[in-house]
Each structure stands twice: as C-alpha cells, then as structure tokens.
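Across the two complexes that follow, subunit A remains constant while its partner is subunit B and subsequently subunit C.
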Partner chain A sequence: MYRYDTIDREMLADRSAEFREQVGRRLAGDLTEDQFKPLRLMNGLYLQLHAYMLRVAIPYGSLNPTQLRKLAWIGRTYDKGYGHFTTRQNLQFHWIKLADTPDILDHLASVDMHAIQTSGNCIRNITADPYAGATSEEIDDPRVWAEAMRQWSSLHPEFSFLPRKFKIAITAAPKDRTAAKVHDIGLVVRRARDGQMGFEVIVGGGMGRTPYIGSTIREFLPANRLFSYLEAILRVYNRHGRRDNSYKARIKILVAALGAEEFARQVEAEWEKVGASVDLPDTELARIRGAFAAADFDVLPAVSEAHERAKAADAAYARFIRNNLKPHKKPGYGIVEISLKTVGETPGDASAAQMDAVADLAERYGQDDIRVTHEQNLVLPHVRLDDLPEVYAALKAAELASANINLVSDIIACPGLDYCALANARSISVAQHIAQKFADPDRAEKVGELKIKISGCINACGHHHVGHIGILGVDKKGEEFYQLTLGGSGAEDAAVGQALGPALPYDKVADAVDTLVETYLRERQGAERFLDTFRRTGVAPFKEAVYADVH
Partner chain B sequence: MKALTANRLTDGEVVFWRQGQWVERFAEADLFADDDPAGEAAEGHAKNQPKVVVEPYLIDLVESEGLWAPLSYRERIRALGPTNLNHGKQTEGGAAIAALKHAHGASRSTGRVDLIKRK
Partner chain C sequence: MPTFIRLADGVFSLAEDAFTHVADDEGLPPGDVIVTLTRFQADGEALLSEGRKVGVRLASDEEVEVLAYDLPRIAVVALEYPKYRDGRAFTSARLLRERLGFTGEVRAVGDVLRTQAGFMVRCGFTAFEPADGSTPEDWQRASQRFRHVYQRSADGRAPAYVERGG
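This part shows the complex of A and B:
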C-alpha cells in the first residue's frame, strides 16, 4: 500500500489547520454561508437533511486496518456509530457536527486520509478494480496507475475548477468491476502484440440526467504517455465544457455534441502540444510501483483440507463460499467479498464494530489489505483457503456473512430521501423491501446474478441506469414514485437500461421486482442470467407481467 | 397552516421557530395561519440570523390525528429522522411523533423548490 511522505503529511496538516480557521470564522459570523459553502464542500462537508455529511476519500477503494479502525472510531465518537460506503468507493458519515469537523480532519490526517476532492468540480476519487493485485485476470496492478493519477490530480491547479465534476476509473482485467464505461474517463489496461503495455481510453461515459456509454477514443495508448494524454483530454474539456449550464457541463455532453471522432481529433492535436514533458518518469513510476509490491504469498497446495472439510460439514459455509469467494492468482488463496447487504439492513452501511471486525480479520488473515467495491461491499483480497473457516466464523459473529454477492439482494442504493438534500424519494427502504422478498437464500441462488441499483433522484448516485433492474425515485406531486428500467449494465458489456413503463408508487415496487424475477425464471433458457434473458426477449414479456399485475 | 424551519449552523440539526428562538421539536413550533403575515415576518427575522441557522424557510402543514404535521414527505422525514433506522428526533416517541408518522398528504417541500431554484 502507498504511504504518504513528509510533503503529503504537511499538506494535509496545512489544509486541516486552514479549515479549522475557516470554520471558526463561519461560526463567529465573519463568513457568510455563501462564502463558506464552497470552502466546506472542498473539504467534503455537505449539509444534508438531518446534519452535516462528511465524505471521506478512500483512494481507489484501498484501506489498511489502521485506517479502517480510525473510520470506526470516528463513527463511534462523532457519528451514530456507523458509516456508509458509497459507489465511489468512499465512506460517508451522515451525522456530523460542523464544529467537530476540524478535529475529525485531524484524526483522518493522522492515518493519511482526508476529504479533499470528494466534492466540487474537480477530479474525484479514482475507481479501481477491488480485486487489484489478487486476481489472475489482470495485466498489471491498476492501483499503481490509480495512485499515480491520485498524486497527479490532487490539488492540480489547472483542474481544480473544471466545468463539472470529473470521475476516472481504471481496470486491468477483462471482467470490469469498476463501471469504467460510465465514467468521464475509463482506462482499461491492454497489452499489445509486442508485449508493450498501454491503455484503451474511453471517454464521455456517465449517468445522471443524460446517461451515455463512453466512446473509445484511443484503442491503445502507450502506458508511458498516460499523463500527457489525460492532460490533453482535460484541456479540451476545460476549453469547451458548458460552464453556463450545469446540466450540460459534464464531458459526456461535450463528447456527444462534438462526436467522439472530432473530440478525439482535438485531444490528439492538444496532445501534440502538451508533449512528453508531463509524463511520469520511469523512476517515479518504479517508486510508486514499489509500494504495491506483491504480497508475501506462501507456496500452498491448491486444495485446502480444512476448507474442504468445512464445506462438506456446513451448508451455510458452503453457500458463503459459492457466492462470496472469488479465485485468487495464487494457489491456496482466495478473494473474500464481505457483503454489506444483510437482508433488512441499509446497503453499504457498516457499524463501527463491523469495521473493527474487518480490520482485525485483515490484520490476522488478510495481509493488512481491505478494499471497498463500487457496489458498496468490502473485500479481503488475500486470504489463505486454510484460514477461511475462521474468517467465515468471525464474519458470522459480526453479522457480515451474508452469502449474496451479485445476487438479487446485493442491491446498490444511494442514501436517498432519508438523508440526502437532493433526493426526491427514498432508496434505502425500497432496497430493504426488495431484499426481504428474496430473503430465502435458495430462491436468491436460483435467480442467480441480478444487479438491482436504486437512485433517489436523477443524479444517479445509485447507478440505476446500469442496473439489470434500475429503479429511479421521482417526485410526482409530492408523492414518491419509481421508474423502472431493465437491461442496464455497468460491466464490460455496459448498457443503459430501457424504461419499463409508467412509474410505480412506493408500495408497488418490491412486488413489481418480484414479478420481473418470476417472468425471467419463466422465460430463461439454459444458464441465462436475467440480463441475458432480457436481451433475448426484449422488454415485452416483463412489461406485460408487471402492468397486468399493477392495473 | 405553516411553520418555519431551518438547519442549525453548528451541527446541522433540524430546528423550528418558536417565539424568536429555535427549538428541535416540531411539536413545539409556532404555527402561522396561511394568511398570517407573522410567518413571513418570522422568516425575515430568521434570515438575519446567519450565525445561528442555515437556509430558513416556511413549510406547509396538514392535520394529522388532531395535531399538525408537515405536508411534504421530505419535511416529515426532517421532523422525524430517517425511515431506515430509529435515529434522529423520532427516538423520543410519544403522541406528537406518532402523529407525524401517521400523517398523510403530499406536496413538494418549499425547501426543495428553493433548492431547485438555487441550482
């Protein structure tokens, strides 16, 4: 894991001291709310419905146990004993007091964390594959590049006042666990026939009011030219982005307006001008790469007797393994996904005690490594199969052993109207109702992979556009209604979902999802996932079933 | 009827206007008839308290179980706390909280309309 150096630490201390002074001036009345608001937002502090919300950056979703314990401690000390993991692999505290925030930032800084660039029209937290460094699928460790981009984009003066916020994702595996194609820039690590490493560069994806799947503007960018090319993209965006209209200010609108080909032409022309001087020197890349050196893996047999015995003896353990254990690049190891989607609980929430439990497990069994997924779960990327029975037992004791990764109850939900000042409708309770419908784990496994994503407003923090079933909360004359979309995907087969029909009232949504699932089970052929069946049949059988039921 | 609400500057707590002060319980809020100029006058006073509250605004009310409750769902959530956890003001319980929980009625929150305008 990357460690901050003296300059990083001094910068954080300065920022924290500066914010303490700004908060003091606001409380004394020397700053108006209009003057203070942009300052607090630059430190990740929002005013929501019930309290202030502090969004803490978790760079590329990577944490060590000390950091996770600190987040637990902050949750216990300054919040109501929990935190909420987000679709940007960050963590939000929802019950923060303004006057406490400078102290919280100091505590975060003590473990090399902060809340800078978690808001505002700047480059936000970079999303990376949560299986980085653990999966055999990857060409390179994307954290190396994500960390280099974090350093490049942090407080970059040219990109601190972009037309709108800017989000980058990077993956080095063919299976996309980052939603790269719906980011402002998606980078996919590729290897050329001659062995050279580079990136496919995808630009102009996004969700929100106007969803787009990104366009590939370069099939292969040599890896050592990444930063000059990123600068060229951002300069073209900075030059032409629609600052006059926040609904049209994201890069996706510019790429769509110019056309991907013309946008690419302008980027290439700008790239010529930028030259190679801003590219990362090999020595610097090597320094960063050193921080992600391969973990110290033991040479182990591929099969673990302890693990096999537990599977045979305990059906619940076997179910957990079927759904939550993913293949590791080293024999005798596994990647363990920890679901934050216990049926009936709030998607993405973890109590302070649960965070401490995961930190303990990472320390004892997981090489001090914890990841956050954009699907609001946690990952222990390096666990010996021999240790899995103990890890499972500890997760079960912490109420973190839900065996539902990628299943129907593994739902993404934004905080929605229960917390968020922008929301039109609730998301969390809709997710809870749906999860309860599929509380029977046998039924959930029978349904198989099904990604439900819920947003409480058109800003799409819950990624509803790319849900296999997407649910968008809308306000109809002050009542909560929900528009359903089908067939979206945020993975390598990315697609924007198609509207099912008229919006449904709050109390009909879970039943409608149940009907959609039953229709899929009736229509599916062979091993088709929900998404495959939908793509084969189209919307008609689903629409007919849902609206026959509703009316 | 209307009430005046805001978020308290120091901690973001939802507060309501009562005789020139801010209280945390909706049940204690001053109520203004729709045509009573005292409501807008209170809002004017509140806007001159930037060291105390953020973004004060009047909300519409509806009758519920013989008591008054905010008309919009958003404002009922602000007055109670989130629906996913028993957090916030609702933890206190009692008849006033029950009336808020049982209230019906729908409209866009005035606060939300202001929010849209500000964007």
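This part shows the complex of A and C:
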C-alpha cells in the first residue's frame, strides 16, 4: 500500500489547520452560514436534516487496519457509534457537531486520512477496482494510477471551481467493479498490440436527472501521457461546461450537446497545446508503483484441506464461500467480500465494533489490507484459504457473515429521507423491506445475481438508473411514491434502466420486487441472470405481472 | 476606494490603483483605464495612441485567446469572477501566463475571496480586488497556507514529485 511521506502529511496538516481557523471564525460569528458554506463544503461537511454530516475520503477505497480503527473510534467518540460506507468508496458520519470537526480532521490526518474534495465542484475521490492487486484479471494495478491522480487532483489550482462535481473511476480488469461508464471520466487500462500500456478514456457518463453511459473519446492513450490528457479534458470542461443551471452542468451534458466526436476533437486540440510538461515523470510513477508492489504471498497448494473440511461440515460456511469468496491471482488465496447488507440493517452501515473486527481480521489474516466497494461492502483482498474458517467465524461473531454478495438483498441505497435534506422519499426502509422478502437464503441463491439500487431522489446517489432493478423515490403531493426501472447496469455491460410503469406507493414496492423476481424465475432460460432474461424478453411480462397485481 | 492588493516578489501589499474601471456607457476619465473587451476592440488603438496605459476586463465567458496579438500593448488583464464559484478565470489566467506569455498584471475582479488566494496565485494572478474586506496580511497567510503543491502551474512552484526527486 502507498504510505504517505512527509510531503503528503504536511499537506494534510496544513489543510487541517486551515479548516480549524475557518470553523473558529464561524463559531465566533465572524462568518455567517452563507459565507461558511463554501468553506465547509470544500472539506466534506454538509448540513443535513438533523446534524452535520462529514464525508471522509477513502482514496480508491483502500484502507489499512489503523485507519479503519480510527474511523471506528471517531464513530464511537463523535457520532452514534457507527459510520456509513457510500457508493463512492467513502465513509460518512451523519451525527457530527460542527465544533468537533477540526479535532476529527486532526485525528483523521494522524492516520493519513482527510475529507478533502469529498464535496464541492471539484475532482472528487477517485474510484478504483476494489480487487486491485488481488485479481488475476487485471492488466496493471489501478491503484498506482489512482494514487497518482489523487495527488494531481488535490487542491488543483485550476480545477477546484468546475461547473459541477467531477468523478473519475479507473479499472484494469475486463469485469468492471467501478461503474467506470457512469463516471465523468472512466479509465480502463489497456495494452496495445506492441505491449505498451495505456488507457481507454470514457467521458460523459453519469446518473442524476439525465443518465448517460459514457462515450469512448480515445481508444488508447499512452500511459505516460495521462495527466496532460486529463488536464485537456478538464480544461475544455471548465471553459465550456454550462454554469447557468446546476442540473445541466455536469460534463455529460457538454459531451451530449457537442457530440462525443466534437468533444474529443476539442480535447485533442487542447492536448496538443498542453504538451507533456504536466505529465508525471516516470521516476515518480515508479516510486508510487513501488509502494504497491505485490504483497508477499506464500507458495501454497491451490486446495486447502481446512477450507474443504469446513465446506463439507458447515452448510452456512459453504454458502458464504459460494457467494462471498472470489478467485485470487495466487493459488491458496482468496478475495473475501464482507457484506454490509445484513437483512434488516441499513445498507452500507458498519458499527464501530464491526469496523474494529474487520481491522483485526485484516491484520491477522489479510496483509493489513481492506477495501471498500462502490456497492457499499468491504473486501479483504488477500486471505489464505487455510484461514477462511477462522475469518468466517470472526465475521459471524461480528454479524458480518451475510452470504449475499451480488444477490437480491445486496442492495445499494442512498441515506434517503431519513437523513438527507434533498430526498423525496425513504430509501433505507424500502431496502430493508425488500431484503426481508428474500431473507430465505435458498431462495436468494436460486434467484442469483440481482442488483437492486435505490435512490431517494432524482440526484441518484443510490445509482437506481443502473440497477438491474432500479427504485427511485418521488414525491407525489406529499406522499412517497417509487418509480421502478429495469435492465440497468453499471458494469462493463452498462445500460440505463427502462421505466416499468406508473410509480408505486411505499407499501407496494417490496411486493412489486417480489413479483418481478417471480416473473424472472418463470421466464428465465438456462443460466440467465435477471438482467439477461429482461434483455431477452423486454419489459412486457414484468409490467404485466406487477400491474396486474397492483390493480 | 475599494481595496486593491498587489503581489510582487512574493509579498502582498496595499497599492494605489492607477487604473480606473470604465463601463461601456461611461465617459472616459483621464489617465490609465481598464475597459471591456468590446470597448477595447472599438477604441483600443485610439486610447493607446493617447499615451495612457490600457487594461482589458474580460467577462468569465470571454476567452483570453482573443487578446493574443494585443497583449504586448496591454498593461492589465482583469479577469472577472461573477461568482466565486465560476472558475473559468483560473483557466484564463494560466493560459495568459503559460501559453500566451503575458508578463503584465493579471488582476482578479468581482467576487474575489481570500479563500481562493492560493489557487489564484498558483494560476498567475498578481493583483486582487477582494470583495470580502480581506487585507494583504489575510492574502499573504492564505496563499502560503500549503507548504507543498502537487501540480505544475503558472507560478513555477516545484510540485511534490520534483521535491521528492531532491
């Protein structure tokens, strides 16, 4: 893992000192809330329905045990004993007091963490593949590039007041776990025929009111020219993105208005003028790459007896393994996903005790490495198969052993009306009701991969547009209604979901999902996932079933 | 008289503003003036021939490239921030310095706040008309808040990766 050096640490210390002074001025009454707002928003501090919310950056979703324990400690000390992992691999504390925030930032800085650029119209936290460094699918370790981009984007003098927020994702694997195609920029590491490394550059994806799947504006960008090319994209956007209407200010609107070809032409023209002076020297890339050097893996047999014995003896263990263990690049190791979607709980929430438990496991069994996924789960990327029975037992003790990764109850949901000032409707309780419908794990496994995503308003923080089943909360004359969409995907087969029909009232949503699933089970052929069946049949059978039920 | 702060050799200080901002519908005062792009394009030649110094004020949607051939004759380019959130002037300033080679004064006008001091200086601004009552000391402190920077920009500061190279 990358370790902050003196320079990185002094950056955080300086930022923390600046914010302490700003909060001091606010508390002393020298700043009004209006004047303070832009300052706090540059530090991830939002004023929500009940309290301040602090969004802590988890750069490319990567944590070490010390950092996770510190988050647990902050949750215990300054919040209500928990934190909420977000769809951008960050962590939010929802019950923060303004006066505590400078101390919290200092505590974060003490473990090389911060809240820089987790809000505001700037370049936000970089999303990366949570299996980076562990999956055999990848061409390169995307964390190298994500860390380089973290530095480049931090307090960028030219791009801190963009028309709107700006999100970048990077993956180096064909299976996209970052939702690259619905980011402002999605980078996919590629190798040219001659072996040279580079990126496919996808621009203008996004969700919100007007969802778009991004367009590829460059099939192959040589890796050493990444930063000049990013500056060219950001500059074209900063100059020409709309600023008259915040709903039309994301880069996707500019790309759609110009057309991807014309946008690409403008970027190329600017890139030629930018030249190579802002590109990162190979020596710095090598330094960062060194920090991510392959962990020290033992040479192990591909089959672990302890693990096989446990599978045979314990059906619950076997189920956990079927759903939560993913193949590792090294024989004898596995990638363990830890679900934060225990039925009945809030998706993405983790208690302080749970965070401590995961930190302990990472330390004892997981090479000090923890990842956060954009689907609001955690990952121990390097676990020996021999250790899996102990890891499972500890997860079970911490109530973290839900065996539902990618299943129907592994739901993404935004905080919704329970916390958020923007929301029209509740998200969390809808997720809970749906999860309860599928509490029978046999049934959930029979249904297979099914991604449900719920947003409490059109801002789409719950990514409903790209849910296999998407659920959007809307307000109808003061009542909560929900618009369902089908067939979306945020992965490599990205698509925007298609509306099912009229919005449903709050108490009908879980039943409707149940009906959709039953319809799928009836219609499916062979090994089709829900998404595959929907893509084959279209919306008709689903629509018929749901609205026949409702009326 | 609004506050006018100038940055020279790394020091921010209160300065006498020799220039008068002139709107399009105003008559011309004597002395050095800052006019809009429209007025400069119409009357620039005449103003310069009178021996006065001339500055041009660009709205945030006006691109600095239009001044490319006039820059050697222009004393000041004033870049407008209609709102602090409108960040186009950061790009304009960088282009003036890095691409167009402008060595005169680049002035921030409009909704200019001390919290942006660091960014403005890094992009090549050298003069400021703050809208928040801030003082040269405030600007000095705000612009020196960070001991390091991560990117190359118009101020020539060595980014972290150069510092690390020792």
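A few notes on this one:
Everything below uses one rule, namely that the second predicted complex is superposed on the first by the 551 of 551 C-alpha atoms of A that agree within 3 Å, B and C clash if a C-alpha of one lies under 4 Å from a C-alpha of the other, contacts with A are read in each partner's own complex, and residues count from 1 in each chain.
Methods note: contacts are C-beta pairs under 8 Å (C-beta built on N, C-alpha and C of every residue); 3 or more make two chains touch, one makes a residue touch a chain.
Note that the structure is a prediction, hence the values are computed from the model and not measured.
In the superposition on chain A, contact of A:E33 is made with subunit B only, not with subunit C.
In the superposition on chain A, no contact is made by A:D442 with either subunit B or subunit C. Shared-chain residue A:D244: touches no atom of subunit B or subunit C. In the superposition on chain A, contact of A:L417 is made with subunit B only, not with subunit C. Once chain A of one complex is fitted onto chain A of the other, the partner contacts of A:E158 are limited to subunit C, with no touch recorded for subunit B.
Of the two partner chains placed by the overlay, only subunit B lies in contact with A:E480; subunit C stays clear of it.
Look at A:D296: by the touch rule set out above, it reaches neither subunit B nor subunit C. By the touch criterion defined above, A:D194 lies against neither subunit B nor subunit C after alignment on the C-alpha atoms of chain A. In the superposition on chain A, contact of A:Q48 is made with subunit B only, not with subunit C. Comparing the two complexes, no residue of subunit A contacts subunit B in one case and subunit C in the other.
Residues of subunit B that touch subunit A in their complex: 7, 9-14, 50-51, 54-55, 71-74, 77-78, 81-85, 87-88, 105-109, 112, 115, 119. On the subunit A side of its complex with subunit B, the touching residues are 26-29, 32-33, 47-52, 80, 95-99, 246, 346, 417-419, 421-422, 426, 428-429, 432, 475, 477-480. Against subunit C, the residues of subunit A that register as touching in their complex are 5, 7-8, 10-11, 14-15, 17-18, 22, 35, 38-39, 42, 121, 151-152, 154-162, 235, 238-239, 243, 273, 277-278, 280-281, 283-284, 287. For subunit C in complex with subunit A, the residues that touch the partner chain are 63, 84-88, 90-91, 94, 99, 115-116, 118-120, 122-123, 132, 145-153, 160-161, 163-165.
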